[in-house]
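One chain, chain A, appears in both complexes that follow, with chain B as partner in the first and chain C in the second.
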Partner chain A sequence: MRPILLQGHERALTQVKFSKEGDLLFSVSKDHTVCAWYSANGERFGTYKGHQGALWTVDVDPTTTLLASGGADNTIRLWEVRTGRLLKTWEFSTSIKRVEFSEDGRQLLGVTEKRMNQLSTVIVYDIKQDIEAEQDDEPALRILVDELPKVTVAGFSYLNKYIITGHEDGSVTQYDAKTGEELHNSPSHEDGMQVTDLQWSADRTYFITSSKDKTAKLHASDSLDVLKTYTTDTPLNSAAITPDPVQYVILGGGQAAMDVTTTSARQGKFEARFYHKVFEEEIGRVRGHFGPLNYVAVDPTGKCYASGGEDGYEVEREKEQGIRF
Partner chain B sequence: MAPSFEQLDPETEYEEGEEDIDYTDLKEQYDVRMEEGLDTFIVIDGLPKVPPGSKDKLVKFLLRKLTSVGKTKEENVYMPMNEAGDMTEGFAFVEYETSAQAAAAVKALHATALDKKHTIAVNKLTDIERYGREGRIDETYNPPEIEPFAEKEHLRWWLGDKEGRDQYVMYHGEHVGIFWNETASPEQVIERDHWTESFVQWSPKGTYLTSMHAQGVQLWGGQNWSRQKRFMHPGVNLVDFSPDERYLTTWSHRPMVVEEGNPILSLEEDGKNYIIWDIATSKPLRSFVTLDVPGPTQDAEGNPVKKKIQWPAFKWSADAKYVARMTQGQSISVYELPRMNLMDKTSIKIEGIMDFEWSPAAPHRDNIKEYEQLFCYWTPELGSNPAKVGLMSIPSKEVVRTRNLFNVSDAKLHWQSDAAYVCVKVDRHSKSKKTMATNLEIFRVREKGVPVEVVDGLEGTVINFAWEPHGDRFVLITAGEVPQGAAVPPKTAVSFFCPEKAKGTAVGNFKLIRTVDKKNNNAIHWGPNGRFVVVATVLNSQSYDLDFWDFDFEGEKEEKDRDLTANLMLMSTADHYGVTDIEWDPSGRFVASSASVWKHRMENGYHLHTFSGTVLREEPLEGFKQWAWRPRPERLLSKDEMKNVRKNLREYSKQFDEIDQAKKSSANKAVVEGRRAMLDEWLAWRERMQADLAMEREDMGLPDLSEEQQALVVDEEEEQEGREVEEVFEEILDEVEEVMD
Partner chain C sequence: MPKAEVVLSYVSTEPNIEVAPNMAAVQQMPTRTDWAEEEDSGLVQAIPPPQITRNKDGTETVVTVFLNEDGKRVKRTQRIKRTVIKKKENPRVAERRQWAKIGPEAGKPPGPRPDTTTLGENIIFRPVVGFKSGQAQEKNPEEDKKTDALKKMQIKCRICQGDHFTTKCPFKDTMAPEGEAAGAPPETDMGAGPAEGGLGIGGSSYVPPHMRKGASGASSGGERMGGKFERDDLATLRVTNVSEFAEEGDLREIFERHGRVTRVFLAKDRDTGRAKGFAFVSYADRSDAARAAEKVDGYGFGHLILRVEFAKKTT
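Here is the complex of A and B:
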């Protein structure tokens, strides 16, 4: 089970995503570029250049035709996956923390950062899945997050029914994805401990959130009920759910570089942790990074997972198959 | 202020929920309401009644007595006349200059005889006001109400555990938890948040759990963990028990400030650092100030020197009949319990004394029938006099043995637990004072004339030494010279000693069994019953190993060790990153090693090992502070009974194995059942969600799978047509060059 180390970025990785077929892997980094890789052997497929600042987020549509990326240059850019052609740029007044396609690929959401009298917003665009089509300039929906603390992560639920957001204070909110109406806010993680990631199950009926409070939680999309809680000993940056039939969740994190006083890798807890999804028990850990893990992503076919670290490496490896339940 | 007890379980017999230890009941009882200025007055009663003519004479006579303790004048003595004006009333009011003088007068003159017929009663005016005012005292005698007998909890209940398990207390974060120790998973007895403010401590026999608070110390015990005692000592830092749990020493860094009217502490305790308490009555017996260690109070740059306090400063004799404190360089003060009076009203002068230790058990010296306790002390070289180690017998104060030593720079006294030996570890410097060496002077206390055996030839200085409990073997660690400016501590060597085989009951000379060098070890922890010892490296960021040694290995003995009373064997080595503390359980079956947040913040938590070094459990705990096994009182089994147990050990162990097995299988069963339930619940939920989703998609006229799930469905035809990609990976695993002849 040899890991493949993907070295292409010059600075810390911020997000990695598999294509829905699992054959390609997209990564974004603080070095302003998006990279695409073959997940089978780790060869580089290409890069998407054009952003003027650190990138925070990337997503690919279900047909692997369109790629969206967003970052500190206050833009969301839409690319053609195959050619690397820039199709559309939307500009904003603050940086983009998260982009995500809906499960049918017909909508794209973005989360803007709260800064300087700018409220944090969630914006939704209707996407035309034709690469030659002109995309709309104006969003289909804009949710201003006024009364709640700023949004850190967001995503579409099954059937584009809800938009679920994770907040700086550790709570999660459910919005009506059609009207933008706030339906339900639930304090999920420890108060004041930021929600750092939100990833979906295959059918988007439940999702996992990770938080600085050192836990990850599994929620139901419709009720926001906490179904499972995974407790670790380190602040978490990311959490992913493996597709059925494997019942694992993979958590990644580690002390932030500025909090690590000793440089010993032992201390930083820079490991990917495997937990059993149903029993909430830790199964194992995988070392490999020497900085905190910023993101973990699972291949939708369940064959492997990838982790992107603050150290600028991306490690991809086939999942341990040693334990079966 | 104290963190609150509010989170405590309300069922656990808690009278107060508020912040402080509640002394209001006592305060009310002893409440003082001073009226301004009246505390310089005293009232004298029981004077002779005299006509006006003799009044002046009486006043003058009285004044002579009064001025012996304080300053007062004739004008300040007021002796009232009866209504007719022909006789005095038989009492007088006197004003002193200060209230202290008035208090002294009461103390000195109350109930003293004026002449043959008259005994005077002298009281403070404020006291008369307080107790004598009408209504305050009932004219008829009412016998005090005796509270009905309330059965107290059995303080040693935990010893009756059917499985003979031991308890331990664990302090992490703000939680203090007490657990039954189990090989599999511990069973919690009780947990309370904010039970203590700084640390917890067991009493020496395990009866009480001590909690520390800003206002004082509290003792807890019994099955309900109710409060047994409380001792008020503002700012208390440390506590120490007498070996029999009858007395308690509390110490605070800052001298106490006691205001008059304090319900428990009197003015006598004001400005003191130590209080010695009687635990049964919760009353202070005597208080003391901290003695400064002689030496400069400021260093070369004028900064105050931080002085280490000696703890415990008050050392108890084995039977707690005596407690002694040393004034460094001068004397030892021995106090007799329970009165806490200075023995023979004088301290024992020992010029230059540096340290002393009581024998930890009754010394059975050869041919000595009388009661005695021993302590060992040492003095450095003074002028042309050599350094000395002495053994003094109490109460006779007779020095029963001394030994002269030369070139001594330091010495440490190590008693063996039965007081059969005392080993004096002597650090000597060479004439030039450049190199150091250590030798051991072992006093054989029970043998005739207390002979001294010298163990020398040790390389480097001895940094740690420990006797086998109830045995006659020992382990020591030596360290080499530290090169100047070296960042790493020097390598250490561990040496194991035992007596040679000798005829009869005699104990032969101490011989080195083995030395293991190039180690980093610095700690020695003997099992409570001897034989097994853990030699470890603690408080070291580079190495953190625990070596588990057996002194009586049941196997082939090496030829060279044939004459020795030991067969040494390293059983196993364990690793515990960042270990700070190691503690054996009282039965000697388990060893807990822990990494406390008090020392560092790395991987705090504990490991539990068997006596032979097998790790049973590792538990990392955020903010882990302390682990302490609950001590047990001494065994009640006779020697024969113990022998019997040892003989039939196989049968006993069979029983225990069965119990363990049953427990394990039931625990496994519970785990499996729990998992099954969780899985069933999860699958049921998933099924419901999937059905709901399918229905919803159908209603909306969408296909069964979403676009993104569709992406994963592989078309079978396409699959067959799919190209086959072949990749060859070549990897050089190893390259070896062999030279052929």
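Here is the complex of A and C:
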């Protein structure tokens, strides 16, 4: 298998996302642009320009008509995927760390950072799935995260029942997605080690979190019970679950960006690690990056996966199908 | 979800174009009977429709007659094999594939652009049970040996066989090193070459490297210049009187007729890049080399006559 290297960004990538059918790949980077790529051949479809700051997050709705991005310019922007037209800008007082569409695409969630006396919030917008429609200015729901440490990642569970958030102290919280009420908080990762990523299984009944404590954990959406733990030897930035029938999880990480210059590529552990989802056992690694992996995403059809690195490369690979056991 | 069916047909053509030898012959070819049409086309002779005949092996032969740029009638015979490849694709994906590109990519032709998209190195990914981190696999075997040797190495005094360096030996001044009388350096347990090949321990005079122990004969694999590029001189030919315009490729061509050539080295002037007039050709097999030496010696190449002989062993 020969990976496709995508070099559309000038700075470190922060997130990559596949469309629901897996044919388009969206990437955001600290260089203020969103890039869209055809996953089949690595052809760049285009870019979405307009943000004034580093971008932290991107998501595409299930119909691949709307694209949401958020970043350090304190805005969430909604784009039309096909034309690159900016449809809506929501402004906030702090930067946006995460956006995610709900499973049906009717709601959009955003996470604002806690900074300068501003509390971390999770905001939810109702999205009209029409490119001509005027989107609401006011959020449908605003969850103020007061008592808990700041939120780093968040997502909608199955049927928009819960909003699950990951926190700076390594805990995971479950909120009611309708009322915003806190239901359950579970300290799942080591104390003080922030949750760096949260990705869903195909049916969103369980999710995987990665953390700086060098582990990734599979949680049940309902109970927040830890189902599986994958232990590695490096701080993790991202974790993804492969769709059935392949029972893998892919973890990405590496040393913090500031320490990278002092380590060689081999020591840096800039590899995508494959673990067996059920047996919690490492089964292989794939090299290719010169810097830590900031995000790994799996094509929902299971054909390939993409990893975005601190080195500004985005690497897309055909994943071998089937399990050899 | 409905799946659209995309039918791609791949056409392989073997064009066989022949220009009609003379107009008279061409005119005998079947033309359209409709005189009115012929009138319409004016002076241009009517062009018969392409004739398609099906062959037994599933191919088609298409004979078309057309006018080329010079206004001449050209008859073209093509054999075509059609293969239908069916591919199921999600209609949404198919639609998205047709989208016009946006942003900096707008107006660019379809297909990946080399400035943004490149293929990486081939990566072999085999999931295995009980995967161990790469370090174990990547370790250099040489390094392994070294560490092993280091582990085995014990410090042993040559005078009293105690576990300290000879210079630190308390009997240093009173006793000569063991085995001194025999005149040969004592065997140590170090086992590794470098220790034995070191300075002649026993003798007081300098021993040149090739005279040292373990460097006897050519098979020693001792220090030699360019030892890494050791080649089999037995099957190497020295070619002299080579034209200065010769290229390695030319020589390879000449010498490959007589057997498998493993290496062709043509000495070139560093400044002008022209050949200096001699070359070395190595064969995989010595018998090939012998035959080639016989055949090519005296062969005229360029404006000079090649002289080929077995390369002399470098000393």
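Heads up, the rule we're going with is that the second predicted complex is superposed on the first by the 318 of 325 C-alpha atoms of A that agree within 3 Å, B and C clash if a C-alpha of one lies under 4 Å from a C-alpha of the other, contacts with A are read in each partner's own complex, and residues count from 1 in each chain.
Just so we're on the same page, a contact is a pair of C-beta atoms (placed from the backbone, for glycine too) under 8 Å apart; a residue touches a chain by one contact, two chains touch by 3 or more.
Everything quoted here is computed from the prediction, not taken from an experiment.
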#### Entry: Room on chain A for both chain B and chain C (clash or fit)
clash
### Message
Just checking: does A:Pro3 make contact with chain B only, chain C only, both, or neither of them? Give me first, second, both or neither.
### Response
second
### Task
Scan A:Pro300 for contacts with chain B and chain C and give back first, second, both or neither.
first
### Query
Can A:Leu227 be said to touch chain B (first), chain C (second), both, or neither?
first
### Task
Report for A:Glu21: first if it touches chain B alone, second if chain C alone, otherwise both or neither.
both
### Task
For A:Asp203, select first, second, both or neither according to whether it touches chain B, chain C, the two together, or no partner.
first
### Query
chain B or chain C: which reaches more residues on chain A?
C
### Task
Pick one for A:Gly105: touches chain B only (first), chain C only (second), both, or neither.
first
### Message
On the A-aligned overlay, A:Tyr48 touches which partner chain: chain B = first, chain C = second, or both, or neither?
### Response
second
### Task
Report for A:Arg285: first if it touches chain B alone, second if chain C alone, otherwise both or neither.
second
### Query
Touch check for A:Leu159: first (chain B), second (chain C), both, or neither?
first
#### Entry: Segment of chain B intruding into chain C (one of 76-84, 94-102 or 490-498)
490-498
### Message
Give me the intersection of chain A's contacts with chain B and its contacts with chain C, in residue numbers.
### Response
19, 21, 41, 63-64, 233, 266
### Of chain A, residues touching chain B in the complex
19-22, 40-41, 62-64, 103-105, 158-159, 202-206, 220, 227, 233, 262, 266-267, 277-279, 300-301
#### Entry: Residue ranges of chain A touching chain C (in the complex, touch as defined)
1-8, 19, 21, 23-24, 37-38, 41-49, 63-64, 82-84, 233, 248, 266, 271, 274, 276, 281-288, 315, 317, 319-320, 323-325
#### Entry: Contact footprint of chain A on chain C as seen in their complex
90, 92-93, 96-97, 99, 101-106, 110-113, 115-131, 133-135, 138
### Message
Could you list, by residue number, the parts of chain B that touch chain A in their complex?
### Response
577, 602-603, 620, 622, 675, 678-679, 682, 685, 689-690, 693, 696-697, 700, 702, 706-712, 725, 727
